[in-house]
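Shared chain: subunit A. Partners: subunit B in the first complex, subunit C in the second.
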Partner chain A sequence: MQQFAFEMRDISIRYPHFSMENLNLSLPKGQVMGLVGVNGAGKSTTIRMLMGLVKADAGEVKVLGYDLPAQQVQAKYDIGFASDDMRLYKSQTLQWHMDFIHSVFPQFDQAYAKELLKRFELIGDQKIKGLSHGQRVKACLLLVLARRPKLLVLDEPTTGLDPVARDEVISELADILRDDERSVLFSSHNTHDIEKLSDQIAFLDRGKLLALEDKESYLERWGRFRCQLQPNASETVAGAVSIKRNGQLAEVITDQCTAEYAVELQQAGFKVLEQHRMSLEEIFVANVKRSR
Partner chain B sequence: MTFGLFLSATDKKPMYVQIVEQITSKVVLGDWPADMALPSIRELAASTQVSVITVKRAYTELELAGVIVTQAGRGSFVSTQPDLQQRLKHQQLMDHLSLAVDVARQLQVTDEQVLDLLQQQLNQQPELKQT
Partner chain C sequence: MPNTQNNIQNNTLTSAPANPRNGAFSNTQMIKLLIIKDWQLMKKSLAAYMAGGVLVIGMMGMATPLMFNIGAVLMITLMIVIGARSSVELVVNEKKDQTLAFMMSLPITAQDYALAKLCSNLALYLVPWLLLVGGMLLVIVSTPIYHGVIPIVVLVSVFILLSYCSYLATALLTYSEGYTVTVMIITNLLLNGFILWILRMPEINQTLEAPTASWNSTSISMLLAGIAMIIGILVLTASLQKRKTSFL
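== the complex of A and B ==
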């Protein structure tokens, strides 16, 4: 039997200006899932339901085998959550926070926390109010990472970090990959980070799940072709997500890219000049434009 | 420690292909000798900061190509086939040739001209006769 880090089944939730219907999303244990979507797509709502902060109108949420929100107290011992709107106590030091978290979570690893202090270049005795935005983000992550949670949920973990700090954070996240008991769900606008670390990609737009697939197959499925239009070129090609024409040239984007697709294009009067893979960011934009 | 793999996100090739190519060249060059234990999938993923699924994919391709063998529960090892290096070099040659043909087709160079060009290249680097 496959074990899941979390399972969301037939979730519906309605707000005055936003709704989600029949969302099904689950993450096998030991995997990393990247949540992709524009602002307002439902990423934070999804995460909040997983954290038991919001109750869905209908459907079932299970995290690490516990029903949410009913058993959220038990579940939260093993969940680590960090988001960019999390607040620390301004007049206290980072060390005070570390001791505080340790008092709540006995598994808090002080030695690892010390190591992270060094790697993130933070100072334990410094008060939170004196920290820059980037330092606060890293401080929040330190407090979460040092608990070595079984499920790590990160809402925009690298937003507002400079490239060096982002690299430090990514390398700590990569370290989690060593352990096949630990799972990560993270949302980010930085598709590059998601493309690197994720096993699964979940694509949300306007409360709908546009795609949920393993990253390798997902990236492979998409392709961009630069073509020369033949006189007999047809208006459309099956499987094309977008066709842009300019003079004799055309750019075709497909999400059904296989070895045979170039042949199909050829037959439709699109002579293929070049074929490119697409980055997650390009797919993101093409996918959102298509679904609207 | 990245096990001597240099992966780049700006490379046009997908990550898993970069891993396949770099491990293959390590084996061809003999840096990774026959029977050497490869890092575990999770270990390599963590140290090169790419996802587990990407490394898994690379190892599957390497196994299909006969570069490595995977033993359930023990891990992956560099294949011990005696002619492995020779075979991989031969494969490289075939890949280059097929790429050359692709470009020739795009340029609409005739087959005869391709053969001529190849002959010219061969003449420029005469074969070393073994004595």
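== the complex of A and C ==
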């Protein structure tokens, strides 16, 4: 039987300007899941429910075998959480924060924390107010990673970072996440970051789960065809997610991109001129447009 | 290693961390750690305020009417500043500075967090409040100042404590700087009115220059009413916090 790091079943939650209906999402243990969505898609709400911070109106949330939010205290001992809006105490040093976290989590690995200090090029005795945004993000990650949590939940940790700092953080995370025991949920609206880190990718929009697949499946199944329209071209083509017509030309996007699909297009009066693979970002945008 | 770090580490060493996997789980240890954390964040400011308090008590101890009155005004100001600073710094700013997200990641519930905040704020205010009020009373009884002022000193101090509890409750229930500052302004305005009101009361006014403290039914009733209101506010705050289902 497959074991899950978390399971969300039939989750519904309603706010004045946002609602989520019947969300089902689960992450097998040891996997890295990327949660992609635009601002307001429901990523943070999903994560807050997983942390027991927000109670769903309906549905069931289980994290590492604990029912949330009822058993959030027990669950949080094994969940590491960092988000882009997380700040540390400005007047205190990073070392103070490390000591504080150590006092809360007995499993805090001091040696690993020191190693991360070096890898992230941070200084323990430096006050938080003197750190750049990139350094603050790294400091938060250090505090989380050195606890060696079973589930790591990262809510847009790379938002607001300059390209160099972002690359550094992603590279370090990719290196650290090689640990097969650790399950990770990583949310971002940046598909490039998600692509580098994730095994599975979930697309979320307006509180709905649009798709959940592994990265390779997305890249294999989705394709874009540039076609010349024949006089007998039909209005629609089976398997087309979108068809953009421009005079005698058309661009067809499909999520059923097989070797036979070009033949099907041909038979529908679309002469294929070019075939392209799509980036994850393009696939995400096509998914969102289809759902709206 | 700085003392702050020693304190945290000592705490870890002296009391075993709560282990959720060992049956009956209590979060008392986490609440204790949060209170220690708040103490560490505030201790430098508190030390500075207490140094100011010693200075003010020294002024009052000169026992001249002018110095005593100036000292009394400064003491009231100091008590208000300590309360305002700790409730804004430890509650409102935790949300404003986004350190609340950091706290949310710890193994605590919204209720644990609120209880820790209530305890730490009360302790961080009550300790200097008691020292300052005690210092003032000590000055009064050990100098030629009329002991008849003791009831009014106690009543004003309790009113300041009541004001503090009001804006602490507002801060804890709303995490809003706007609402908290509004309650601070209102309670400060009410304090002026309260002082003028009790000074005009014959039962208080006529005993101000008495050689001994005169606790009559009026002053005792006011004192008991103030204490009852403080307890009421704290109980109400704790019960409203208990009903919260979301941290945010």
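One rule holds for everything that comes next: the second predicted complex is superposed on the first by the 290 of 292 C-alpha atoms of A that agree within 3 Å, B and C clash if a C-alpha of one lies under 4 Å from a C-alpha of the other, contacts with A are read in each partner's own complex, and residues count from 1 in each chain.
One rule holds for everything that comes next: a residue touches a chain if its C-beta (ideal position, glycine included) is under 8 Å from a C-beta of that chain, and two chains touch if they have at least 3 such contacts.
Source: prediction; values computed, not measured.
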Simultaneous placement of subunit C and subunit B on subunit A, clash or fit: fit
Greater residue coverage of subunit A in the superposed arrangement, subunit B or subunit C: C
Partner chain in contact with A:F81 - subunit B first, subunit C second, else both or neither: second
Touching partner for A:S198 - first (subunit B), second (subunit C), both, neither: first
Partner chain in contact with A:E260 - subunit B first, subunit C second, else both or neither: neither
Subunit B versus subunit C as contact partner of A:Q31, first or second or both or neither: first
First, second, both or neither for A:R277, with subunit B first and subunit C second: first
Partner chain in contact with A:K215 - subunit B first, subunit C second, else both or neither: first
First, second, both or neither for A:L177, with subunit B first and subunit C second: first
Touched partner set for A:M51, first subunit B, second subunit C, both or neither: second
Touched partner set for A:E235, first subunit B, second subunit C, both or neither: neither
Following superposition on chain A: angle at subunit A, subunit B versus subunit C, Cα, nearest 10°: 150
Subunit B versus subunit C - smallest C-alpha distance in the overlay, whole Å: 26
Subunit B and subunit C footprints on subunit A, overlapping residues: none
Residue ranges of subunit A touching subunit C (in the complex, touch as defined): 48, 51-55, 69, 72-74, 76-77, 79-83, 85-92, 95-96, 99-100, 102-106, 140, 144
Contacting residues of subunit C [partner subunit A, same complex]: 2, 4-5, 8-9, 11-12, 17, 19-21, 25, 27, 30, 33, 37, 40-41, 97-99, 101-102, 104-110, 112, 245-248
Residue numbers on subunit B that touch subunit A, as the complex places them: 9, 12, 14-16, 42-43, 45-47, 49-54, 57, 106
Footprint of subunit B on subunit A - complex, ascending: 30-32, 170-171, 174-180, 192, 195-199, 214-216, 219, 273, 276-277
